[in-house]
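Multiple structures are listed underneath, in structure tokens.
What follows is subunit A paired twice: with subunit B in the first complex and subunit C in the second.
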Partner chain A sequence: MSIDGQTTTGPDEAGASAAASAPGLRRAVIVGGNRIPFARAGGAYAKSSNQDMLTAALDGLIARFGLQDERIGEVAAGAVLKHSRDFNLTREAVLGSALSPETPAYDLQQACATGLETVVGLSNKIKLGQIDSGIAGGVDSASDAPVVVSEGLREAILDLHRAKSLPQRLQILSRLRPKDLAPLAPGTSEPRTGLSMGEHQALTTSQWKVSREAQDELALNSHRNLAAAYDAGFFDDLLTPYRGLTRDGNLRADTSLEKLSGLKPVFGKNLGADATMTAGNSTPLTDGASTVLLASDEWADARDLPKLAAVVDAEAAAVDFVHGKDGLLMAPVFAVPRLLARQGLTLEDIDFFEIHEAFASTVLSILAAWEDEDFGRTRLGLDGAFGKIDRSRLNVNGSSLAAGHPFAATGGRIVASLAKTVHATARAEGRPVRGLVSVCAAGGLGVAAILESL
Partner chain B sequence: MTPVQPVILGEMPSLSKLYVNAAAQAARRRLMGTQDGSALPAESHEVRGVGVDVGNLTAYQHLIGETASDVLPAGFIHALAFPLAMSVLNRDDFPLPLLGMIHLRNSVQQLAPVLFTDVLDITAHVENLRGHRAGTQVDVVSEVRLAGSPDTCWRGVSTYLAKGVFLPGIDKPSPAPVRADFKAPDPTALWQLGVDTGRAYAAVSGDFNPIHLSVLSAKALGMRRSIAHGMYLASRALADVGAVRGDSFTWDVEFEAPVFLPCRVALDISSAAGTSGTWERSDFVAWNPRSGRRHFSGSVSLS
Partner chain C sequence: MTDTYAHLVNQGLGRNVAKRLGLPQPAVLRRYRPGQPLITGPIVVQGNTPGADNLAAELLSWDLDVRRHAVPKEKLGAIIVVLDDVARPEDLGKPVLAAAASLRDLGPGGRIITVSRPASDAATPAQAAARQGVDGLLRSLAKELRAGATGNGLLLAPNVETTSPGALAAVRFFLSGRSAFVDGQFLTVSTAAGEPPRNVEKPLEGRIAVVTGAARGIGAAIARTLHRDGATMVLVDIPAAGDHLAEVANEVKGTALQLDITRDDAGQRILEHAVQRHGRLDIMVHNAGITRDKLLANMDESRWNSVIQVNIAAQLRINEALLASEHFRSSPRIVSVASTSGIAGNRGQTNYAASKGGVVGMVRATAPLIAAHGGSINAVAPGFIETEMTARIPFALREVGRRLNSLQQGGQPADVAETIAFLASDAAGGINGEVLRVCGQNLVGA
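Right, the complex of A and B next:
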């Protein structure tokens, strides 16, 4: 273990599989999922609230699996951009849905990892026997984002509320300046660095020397794979239309390398000719919601519901990005090796990889770090490079660059799609099939999980 | 009763024009005297190919507290059909004055879900002209079908009273029914209705009847303050019943004391399950928590 390394073998390493096979724990299975098509910000869902979209995704799931009036063990979901009045967003969505009003719910927030973390948390409750069924999910609206008042106005309003006399009130009001009255729109800047996510990723992109061509190619594959999946009917049982959308609004089935390479850089422009990140190889602001139905074997069997995959294990990681030790979105680089080591697995044991495309260069930087001998030795505590991924097994049904990325909804989108993919492949090839999900998040966070076909 | 011959209108009539026309008609009748007999127009009015504005739908759902699904709330369909219903009441051969009519009760059968993407054919006719102790009442029946389909998916009957209007040949007004004293139950909800409640519902429903818009415009029509739209109140009660009602149901409401704005309205909803334990009906009643006067009551039940 080196001082600056996040070693892969922790003190709690048991050497063998933990979550799935630990005695006394039962299995948590993925029954299926439902989402609404993702819309570009200001598009089809411009007037739809987080609660509207989460309820729509939930009601689609309820209809698909016949859950009307069913009391689900627990529903967990969240939103990254959330108005304070939506403190009980998930519970309110449940109350507006066709589920039994006696279904408990809670909100969770872990930036872009929110959706995946709800899957992990509810799976663990199922494994422990605390609940028999759960619905995980997430939603985000960049269009209907909360707008807040300035800090100066906020403090003045609170002080006014406490003031007892007219002179006190006048004194408080006299503090206000015109600039205090301007509302603040939510930003995606990191609180500690002031850099936007894109600017952070531009630093990482440059550090790992990810080329513009490689980014554009990854973006093109995302669009092609997503379009092919739609054409093949892959999403027919994963999605319900909403507000007139039947496909993700950001999908450009006809895009090409020529079109993508013609776009101007939008992040890292201070790098001059070395700037590589464009609107085409970065995810756009998006609106949408997703849900995943989780259950114990007994619960699913009793209702004659499908069982696509088991949630095997998960790992969260974080990086010290504040002073640039690692890139903001590089935590999955550490989460995945730790997770696979705990399960006694290597990259070769994984059949499908879902690495969330916050930016094309995020995926490529993660892959570059895993392929780097020195990084593997000094930072991951391995004998050499962690390994290389067969790119034909990466994001096979498209990912966030094409579908869009309503922050908290991405985890549910990926988990439901991957569960269906491993299940179908296992059926076709007559062998167990594994999938790996990795999602990076603001604050230097990352969460990874392993699914295995049933 | 099947009306003889539908009059096909090229497009949904404009409510504001209908109200202006109704005012002109009222003035004309005042000058010329009421000439008409006691027969209702036999013709129904029909508009084909009606579409829904999705932005308007979302605004309606947010205001009423309905889940913002792609399915049209039953009260939204009422608002959609309302101008056509009014156009029948605005006909020259309709024997009662449109302005000042009071909405006594409303009954809706939602027979099948209607999506905002559906294109609709809507018909409206009047029937059942009859006496009331305070005047004459009449039913306006609206029916909605998917374009080109013979099956009705929504049917609404609105009963209006023309207060103080007694037509020759119509039954003598029956004596006021003895109403059991209303004793307010414990409320399950309390609504805070601001002065802008009428304007907000007018914006999403299109019903800009002046009695709902402001104190001034209401006073001009003889009200002491503006009052909430009855269908706004009934639609909120329907939303409060929630998803348990399913896709098809019957929704009845009877209006009593008007809701003067601003005010607080207390509401009680009690649901009953059938023998199998599944939902069968929800009864609702709303009253003024200060005076204890009942504003409206009704039910949502399995069709």
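Right, the complex of A and C next:
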């Protein structure tokens, strides 16, 4: 089977549930999670560093599950906006936490997919028997972002360091111009196109003809679902308050279609009538951190810890957005069909979908591509459209539009919430329940994963 | 939360000035530290009944310096006056006056303990008079003591010996620094139930304990004290206090359960958590409480109802769930935090006092129910305790509140916690349905 010229392994070739049940591999289970409430940039966590927030999220997880002094197999986390001094961010957070100082850790970075990829990587290590327990996580601060000096100043400083005589030094300093002294603000533009993520998505939105109304409606549902989840106590065992914040700072429980439809477009303004993306249906810059506790069955059982869900399988994809073949954030369109095919599953086999809301139109563009017959045939190598998702199963406890999106922390937020959801539903309905996570990322990346209730 | 005045009058110039001006001189109380001896100095046991002899023999087996007669001018640690078989008021004189002769020799942080029986089940009016006389005697004597010394009484039910586990546990508690802020109080030992501690340093070893309102103040102190005494801790507080709760949980190496105790299923949630992680639940400490003070004339529905819900209705619901559970059957203990406001009343606290009075009623009525499972339920009633809450009281009012007790100072959260740890211990099994005040013998109230 071939999807868009990229060879894929179908169920008929490798057997269903290869990653979950292959001989010699054991199961990786999600015990639970903890995050701090997400704050809008410049808000409650304006003075908190990535290390502060990741440590707080870890300490909350440790307290929830009684992991004090425990030597965890490995802790993996990362940040997208990262200071060079934080070269060992995760290990430093571990050392500042209540875990055993003998707990190893590593940093990982895959843009907005960082958090999900730490879950995938540690799950695989557990499945292989390399570790018995792991904590996956991610953190990002848009408030405490690194500020970089200009290339001219940077080169001058390095040359000064190498210079041996005073005349040499003076000569180097004389190269500097006032503009070299201005710091460079952190940017999220794509290095190869110079376009911001929002401008990229605006092109995709226009291409898939996603309406303003549909975007605002998705945003409204995100806020409503998240607010309802808070009111039901859903986050009581998923979240620990931090710096006076007890709920996500971006959540607007009282927002309405009227309010959302009154906002002016902020991206794709050169598209005229096709300019539909507003601050209301796009995620704001956000600060926050999340963690997920993963384990083998044996490790969890030995400590009488709950087991919410198994990490079944995962798939990464990338698209050629540079030449405009696909939209920047459209890689999940390819990752999910490949993942489901490998597991011998279809969209109908999935009970809950978590499609990260980078922008409302990202989710809607992905759904549109999957519902498009021509796209299914020509790009996914299928007989027709990939399929349609029952919207009542999509982002049922709210997603990034309401919660906010601290880049690397989003994966952990979604995985812990989805694990709890599939577990609770399975208990209530007495049947196995599956959930799908999909996260798009800068660089045309996308990662998807399947969780199954325990 | 620091008592600057007490600090000032306990050193150098401040001490001299206070002494000359006749100002209150609150002592630095003798408080328990692990590894510390139970008490320093000899213990004199007055009284010549078999009960007195047996108690003296038992204390001797604890490696204490026990005397039946005081040597004048020798500093004493404690005086225990055993009055367990007084028949007439005239019988009090001899042992009491013998104790009086050595009162001046009682050292700083010394202890007076009376051991007598409740007047309520006396055989004759004369016996009732003698027994009730001990009440007036002890409460007055406690007010005469100085330098952090305290006086407390044991009341032994008819079938309880001076050496029954509950009696010995109470004697140990009153002698030790754990009872630093308990003064002028009586504690009834109603049955011979209870197990002597296997390890006096870790009396709660192997026990699974839940504390509500554990994120800060008295609740956090309870968590620390129970953990120090060997218990495995589950800490509960509202989700909004989760960050402080996590800190305390990590400190005492327990688990944090973010839960609003006023939820209908709170008892079930607590049980589920304890059973999943530890297989059962042994000790439930109801500490969570709120104040919403207003004169009754200005009281609104939300202030009244929220206080009733959190402070008493939630406890009743949780207890109901616990008592129905097969996982709360291993010498179960419930300890509730009441308040002297609920006993003596406090202006502006009608809602709070109603809820705390409710706790007292609940404890008494639940006692026979939990006794059926071999357990006990008791309450502590704190007086003025130095917490974030009392630190917000205006200065003058706070100063008065602090000094209006026999020890002339506010208590520490740890003082309340120590009393709770004692009531939660296996040894205290014979104490059931009691309310013990931790108030330094506050001048207000009973």
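Here is the rule we go by: the second predicted complex is superposed on the first by the 440 of 454 C-alpha atoms of A that agree within 3 Å, B and C clash if a C-alpha of one lies under 4 Å from a C-alpha of the other, contacts with A are read in each partner's own complex, and residues count from 1 in each chain.
Keep this in mind: a residue touches a chain if its C-beta (ideal position, glycine included) is under 8 Å from a C-beta of that chain, and two chains touch if they have at least 3 such contacts.
As the structure is a prediction and not an experimental result, all values here were calculated from the model.
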After the alignment on subunit A, I want to confirm one thing: do subunit B and subunit C clash, or do they fit together? clash
A:G96 in the overlay: touching subunit B, subunit C, both, or neither? Say first, second, both or neither. first
Can you tell me whether subunit B or subunit C touches more residues on subunit A? C
Report for A:N395: first if it touches subunit B alone, second if subunit C alone, otherwise both or neither. neither
Using the touch definition from the top, say if A:S453 reaches subunit B (first), subunit C (second), both or neither. neither
Looking at A:S48, would you say it contacts subunit B, subunit C, both, or neither? Reply first, second, both or neither. first
Given the touch rule stated above, what does A:P241 touch, subunit B (first), subunit C (second), both, or neither? both
Quick check on the superposed pair: does A:S206 touch subunit B, subunit C, both, or neither? Answer first, second, both or neither. neither
A:T362 contacts which: subunit B (first), subunit C (second), both, neither? neither
Where does A:A56 make contact in the superposed view: on subunit B (first), on subunit C (second), on both, or on neither? both
Can A:S417 be said to touch subunit B (first), subunit C (second), both, or neither? neither
After superposition on chain A, the stretch of subunit C among 41-49, 383-391 or 419-427 that runs into subunit B is 383-391
Common interface residues of subunit A with subunit B and subunit C? 56, 59, 69, 98, 241-242
In the complex formed with subunit A, which residues of subunit B make contact? 54-55, 58-59, 61-62, 67-70, 116-117, 242-244, 278-279
Tell me, which parts of subunit A touch subunit B in their complex? 47-49, 51-52, 55-56, 59, 69, 95-98, 101, 241-244
Within their complex, state which residues of subunit A touch subunit C. 56, 59-60, 62-66, 68-69, 98, 233, 235-237, 239-242, 246, 304-306
Across the complex, what residues on subunit C touch subunit A? 239-243, 245-247, 249-250, 253-260, 263, 276-279
